[in-house]
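As structure tokens, the structure follows; a few thoughts come after it.
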């Protein structure tokens, strides 16, 4: 058969005709998604599509790589705080929280109890801010413009609180080694409780307009299923892991600061599809409101908020690895100190970078139209992954 | 969760032992108090040591929830497979490299964690190995810990450690036309600093 | 370099207005009037109201403006006026402009925003003008390797084709640019050009994302063309005519939406798909394929395609009104005549003596109101619905909507053969 | 009669012409007003999300849904046939509806089979 075809081709070439041989590769079209794409962020992945199906995916991060880890080696422990929060400006309390924990472990200081509570509150507020932003973008990725506007507007509730708490709307450098930068303003508790109860009402509205929308369910249910085994094998974290049926949350698994006094449930779902990955952050937000109420309730009325720290603390010879649960999952800092005021090596292990490995795994074999719903459900923040 | 978590609640923990050969200029201040290595962590380590023997496994430190063991590059796949299958550390949280120009060595650390077993969910086992700086080559753990694939690729790019058996030892985060030293090596200096 | 404003005086402002008026009067009397006279002498004009338009008659019009009304009457019944202004292009373009503005404000209110605010002082009413100016002043970039003639021609064809649909839409009895016997089939025939234009444009732009978007547009329109056709078929069965004016007149006492709710629903959904509006905007899905088949458009090319698509919005909602909502039928709320007895001069002009027709004005009013309601309904899904996926879309179109249309077609047949509707039926009007 | 039918359609042609007349000046004015900076050839590359385009813009691309297009070709003709029948419904005897129903039944059977084929994966 093949010989016959070659013979035909030879014959036709003699006559001056051309026969285009179609190979398997000719069917494929290579599409570059990002960095200038409404559905990518500062990130690029190349997909090859065969008709409507994705057959190959290759993530290519690094468009906003800023060398945070190298920069850390040139600044001392305290100077590092403001630039370390740059990768996730929405979630800056969490990304500095983990760093503070690691530095405290190295330097050996104890945070006062009120300080522990305040920085847990700050981290919960920032988790809400981040998750709302994530939800907004998930909405617009699925073409739901109202779901873009509503969470973006409701972020203001928590941004205002953070502003009252730290004096800055974003990038507040609030959680520092030794505690928090300043004490809580008076009247904060009432305002916080008010905003939380309003926000819980809004969350129910989100469910009505977005999560129970049949088109949303059609687009996400059964799409990009990450099984429990795969989730563990690929080492994903955060909401992606919990959506696959692994109830793992650093706040529960390895409670830091005051989280072992808080009563909350780890929210997880078992289906592991895009719908579950979209739902778990919503459940997290509800649970976070619950946590915040308890934190405000149990907080000591007065007291120190910051432990005395040397102006230029020197770490002892040693290393520390501490992690917290950020909006995107476990966020760990591995710090090696050689006894000088500057860290010898800082490694930031971020949830986004760990979740990226699931992208090719889930995207290959799905439809091109599922690309945004799978990609953004991975809770991937490109800037954080690049660091 | 077990009671192991309760002895750790944000309290400060002084390192019991310095990393084996950190290039310290001056001797570090002596640690004030030595915390006793907890029993559960000790039992984990003793499982590894009893399987491979003292000459293969060098325990760097055992602290509450944190264990660090050093192995030789030749044994690392064997040890990692044992840790994954028998101890239950099922994923790599991060793969980190640290450059030690004084020793002419690069240390690569796998921070291993566990999702599937509740009693070690809080623990991090750091599996460290060292390679020569001039010809940095290590066997890749991609087949044991798939989760470390991108981390290893990043380590290759940032520290120039070639992982044998890794599917793609390629540029990842840096610009496409990067033609300089691997940036996390100590002789790479940031401009202006 | 900073410039300081001159001292403001009200008197200077008045003086400048007086000067402008003076110049206008001088220019009209010295240049405009002689030109009109020359034209009136040498160009034969049709007799109006039994009189031939001469310069003397023209001068008498300046004294008694009522005398211009026959001319107005003559002009508004010409084909050119119908095509260019009233039921035709300008009316549709005005509708499109209002739609764009209302869409932005309406969507903003739905999303707890404000919407356009500054441009034009009152609620940003001139925002559209500003956007148009911006689009006109932008450079048109044609990608290398693109098929230039098609690239230039496609937006023009898009506007012209959607205008051609408008030509077939009756707005009031007798007020239609083209009163075609097979009107509804002609509408569908013209609508069939749109996937062709989208595909040609996407092929011409020599880029991958438009290409996929064009193919998606093709699939989408094909999936919804049959339900679109067949849902209108039920209205044709009940009225027994293909002429749009006749279909509208046939629903005299009872609108077809009462008998054909399923067809109306299918028609509405299909027209959303035909218009590529959310949730069926997958040919322009920005998070998947950058902007779909519009990726390579820039400047006025994009502006014209937007104009065309909003004119299409008007055309399809008007079609919905004609097929299912009884067209222009509605209670008479305008007086039959504005003035009684002969009035002359300015008063006659204001009452539009001889031109004003209470029935027609009423019909136009109800038509506009209904069409606008349907347009608002079409804008609504944009705020409450995410985008659909292509396989679900094809599945919906082929498996569900077609079945629904046939169900309603059989209902319509039963109504006819059961003697309820049709000639001599129980509910047939006279 | 044919001349009358053609005359009915002339306003449609006028309207097409008017659409062209209204949109061509917009393009011409835009061409006159807008800047023309052509010194950077990269600007005129096709869109590839900020990357250099690779591969053909126009290529052999196989959407998996061609079955629907083939079905459309058949059912569009059917729809037009139904229109001619529907517009003459009041003029023809009632018994003439039966063949139409039989025709529809045949078409439905064919359509069911075609949809079954279209739903199956791997044939396109």
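Each chain carries a letter (A, B, C and D) given by its place in the written order, and its residues are counted from 1.
Here is the rule we go by: a contact is a pair of C-beta atoms (placed from the backbone, for glycine too) under 8 Å apart; a residue touches a chain by one contact, two chains touch by 3 or more.
None of these values were measured; they are calculated from a predicted model.
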Field: Pair exhibiting more inter-chain C-beta contacts, A-C or C-D
entry: C-D
Field: Chain at the geometric heart of the assembly (C-alpha centres)
entry: A
Query: When the centre of a chain is set as the mean of its C-alpha atoms, what distance in Å lies between subunit A and subunit C?
result: 47
- request: Could you tell me the distance, in whole angstrom, between the mean C-alpha positions of subunit B and subunit D?
  value: 62
- prompt: CA centre of subunit C versus CA centre of subunit D: separation in Å?
  reply: 21
Field: CA centroid of subunit B to CA centroid of subunit C, Å
entry: 69
- prompt: Touching two or more other chains, which residues of subunit B qualify?
  reply: none
- request: Would you give the residues of subunit A that are in contact with at least 2 other chains, written as numbers and ranges?
  value: 29, 37, 52
Message: Give me the residue numbers in subunit C that touch at least two other chains, ranges are fine.
response: 208-209, 212, 290, 390-391
- prompt: Which of the chains touch, listed as pairs?
  reply: A-B, A-C, A-D, C-D
Query: Along subunit A, where are the residues that touch subunit D in the complex?
result: 22, 26-27, 29-30, 32-37, 40, 44, 50-53
Task: Note which residues of subunit D are touching subunit A in the complex, please.
output: 48-51, 54-55, 59-65, 124
Residue ranges of subunit C in contact with subunit D within the complex: 79-80, 82-84, 88-89, 93, 135-146, 152, 155-156, 159-164, 166-168, 177-181, 184-186, 190, 203, 205-212, 215, 218-219, 222-223, 225-226, 229-230, 233, 236-237, 240-242, 290, 295-296, 299-301, 303-304, 307, 390-391, 394, 398-399, 402, 406, 413, 416-417, 422-423
Field: subunit A to subunit B touching residues, read off their complex
entry: 61-62, 65, 67, 69-71, 74, 101, 104-111, 116, 231-237, 241, 246, 248, 252-258, 260, 316-321, 323, 330, 332, 334, 336, 338-340, 344-345, 347, 349, 353-354, 356-357, 386-387
Touching residues on subunit A, where the partner in the complex is subunit C: 29, 31, 37-39, 52, 139-150, 153, 209-210, 213, 215-216, 218-219, 367-372
